[in-house]
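Two complexes follow with subunit A in common, the first pairing it with subunit B and the second with subunit C.
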Partner chain A sequence: MKLITHNILMCNKKGCTTNNFPLKLVATNWKDLDTENAQQYNPALLQRLCEKIEWNALRQTVSTLNWGVNLPEQLSAELVQDEAFLQDLHLLLVKRQIVEGQMVCPNCERVYEIKNGIPNMLLREDEV
Partner chain B sequence: MHSNQTQIIQQRQSSLCILQRLVRVGSGVVINSLQKLLAQQSFNDAIYFGIDINIKALDVTLRTAIQNNCDVQVIQQSFCHNFTNLMKGSVDVFIFNPPYVVTPEDELMKAQQKRDIEASWAGGKDGIQVLMAFIPKAYEFLSEKGVFYLLLIEENLKILKRLGKLFDIVYLVKRECPGERQVILRLTKKQK
Partner chain C sequence: MNHRPEQLAPADVFYNEEEAKKYTMNSRMIEIQQEITERALEILAIPKHSPRLLLDIGCGSGISGQVLSEYDHCWVGLDISKAMLNVAADRDVDGDVIHADMGHGFGFRPGTFDGAVSISALQWLCSAEMKCQNPYKRLNKFFSSLYACLIKGARCAFQFYPSSPEQVEMITNSAMKNGFTGGLIVDYPNSQKAKKYYLFLMAGYSEEIMNEARQVIMPRAKTGDTDSEDDSD
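Our next item is the complex of A and B:
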């Protein structure tokens, strides 16, 4: 699972409608795809993603992961032209895969497991 | 499918693509169809999400993607239930392979609850019950110029009336497979 996936997922448990995003991410095992397997560095795609992404959620999540990457508070027109910044984003959004971990709802504390790189967002019958 | 489809998608500057339900009974994994749909290089032009409720379907998709040097983000979820509002109007390409086989309604319920591989084909009355529930979602999440590909069989075409209210429809492919006639529809949002 990539951070871009985390950035589009919220808790959907019955009754949980506020403060259900972003999910608290715990990454117990992660790896970077090597250049052969990862999508190539594509500045145009990253710039388009910047328009769609929930920036604060990404920035906060990255700051809790201790990956040694710090994202700026605000996105700006200059920033999305900056090569070093886009390379950071490429690493964070495209190359890095969370293999094992959890996502926890900040509101109801429902835990969504990530196993073999696959997040399980399915709810039990009594949760829908 | 044809290479001019690739051009259409590229012109539309896709960044988020979603494949809904990944395994197609009899003809394998939907990602294979997608690979034919898109030229290899355009895999670098978008992020691909693959969604299914069945973990086996997701595993197969991941393995197939790696073999084909594609990168697909798989999520085990039902419809788009866990997508944030931010995703609304943001999906540039939607590919949905609904469970389309005509089955009794209770069989559909059982298949969905068990989240077993049967859920990948049991479609209830006219084979369109799951699809009916999904259409408003697809419309909501699709971007204004987004493209929605729908893989069906002829028995499902009662759905056209419903689809026609929201989308412009193009028949892309009709092909005979053993036991069924498959149809691929290309849908775009009706311009208001």
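Our next item is the complex of A and C:
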């Protein structure tokens, strides 16, 4: 799972409708995909994704991951035009893969496991 | 004669490890899936060199997703078959895959996806996977949460294998009830083998998307002969 996906996932459990984003992310194992395997760097795509990102949620999540990544406080219009910034964002959002870990809902504390890079968002019938 | 897999067993049972492997090694199957995905993209009518964030519902092993990646789109896929998703993960597909049941609706932030595709998956929604499940409820849950996670005016192209006209009606009714407009596109209606059903949907109206789409193509059913010979789920 990549951080771009984490940034759009909310808890989907029945009755959990407020304060259910962002899910608290614990990454126990992660890897950077090599260039052949990762989606190609494409500034137009990253600019599109920038329009969608909840920046505060991304900053907050990254700050808990101990990856040594420091994101600017705000996503300014100038930054979105900055090649070096977009390259960094490409690595952070698209190339880095969380292989094992879990996500915990800040509201209901439901745990969603991540295994083999795949988050398990499957609910039990009584959670729907 | 093809047996409809959705009538044999639920999707997560049917697409076990063995089926998943068979499915991903059948080159004709892959080719058909790719062709259908290309057609779905045509229906989405996204202008050239405009990469978008797309949702792939029933993404399986990521065959359709790879076509989306070739067009530089970023995608998130979901599927109920863990075995299929593991194949996708092992192949290091560009998009992200999530283990989820489309009949439960999905927890995505509202207004994020620019569009959605689904290849050969929608018919699974109509067959209850467990006794306690109600297909009407599942369809409603699916379309309402789909509508919520799309941007205004986003387009969807869902290719599926309906089992009856009633099933088509059940699906389209649920989509319309949840705010979508659109309709059914039937490609090659006169060819028993090449005939393909696409549910084309729009999540509300956006002038910008409408104009973009007009510049690309209006969705029209394909007719006449085709070199696509066989039909498979």
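Of note:
Here is the rule we go by: the second predicted complex is superposed on the first by the 128 of 128 C-alpha atoms of A that agree within 3 Å, B and C clash if a C-alpha of one lies under 4 Å from a C-alpha of the other, contacts with A are read in each partner's own complex, and residues count from 1 in each chain.
Simple rule for what comes next: a contact is a pair of C-beta atoms (placed from the backbone, for glycine too) under 8 Å apart; a residue touches a chain by one contact, two chains touch by 3 or more.
Please read these numbers as outputs of a predicted model, since none were measured by experiment.
Considered on the superposed subunit A, subunit B and subunit C are sterically incompatible, since they clash. Of the two partner chains placed by superposition, subunit B and subunit C are both touched by A:8. Of the two partner chains placed by the overlay, neither subunit B nor subunit C lies in contact with A:18. Contacts of A:66 after superposition: neither subunit B nor subunit C is touched. Look at A:49: by the touch rule set out above, it reaches both subunit B and subunit C.
In the superposition on chain A, contact of A:117 is made with both subunit B and subunit C. Of the two partner chains placed by superposition, A:74 touches none, neither subunit B nor subunit C.
Contacts of A:125 after superposition on the shared chain: both subunit B and subunit C are touched. Shared contact residues of subunit A, touching subunit B in one structure and subunit C in the other: 1-2, 4-5, 8-12, 21, 33, 37-40, 42, 44-45, 48-49, 52, 54, 94, 116-123, 125.
On the subunit C side of its complex with subunit A, the touching residues are 49-53, 69, 72-74, 76, 78, 80, 82, 85-86, 89, 92, 94-101, 104-109, 112, 114, 130, 132-133, 141, 145, 149.
Contact residues of subunit A toward subunit B in the complex are 1-2, 4-5, 8-12, 21, 33, 36-40, 42, 44-45, 48-49, 52, 54, 93-94, 116-123, 125.
The part of subunit B that touches subunit A in the complex is made up of residues 13, 15-16, 43-47, 49, 53, 55, 58-59, 62, 66, 69, 71, 73-78, 81-84, 86-87, 90, 113, 115.
Only residues 1-2, 4-5, 7-12, 20-21, 33, 37-40, 42, 44-45, 48-49, 52, 54, 94, 116-123, 125, 128 of subunit A touch subunit C when the two sit together in their complex.
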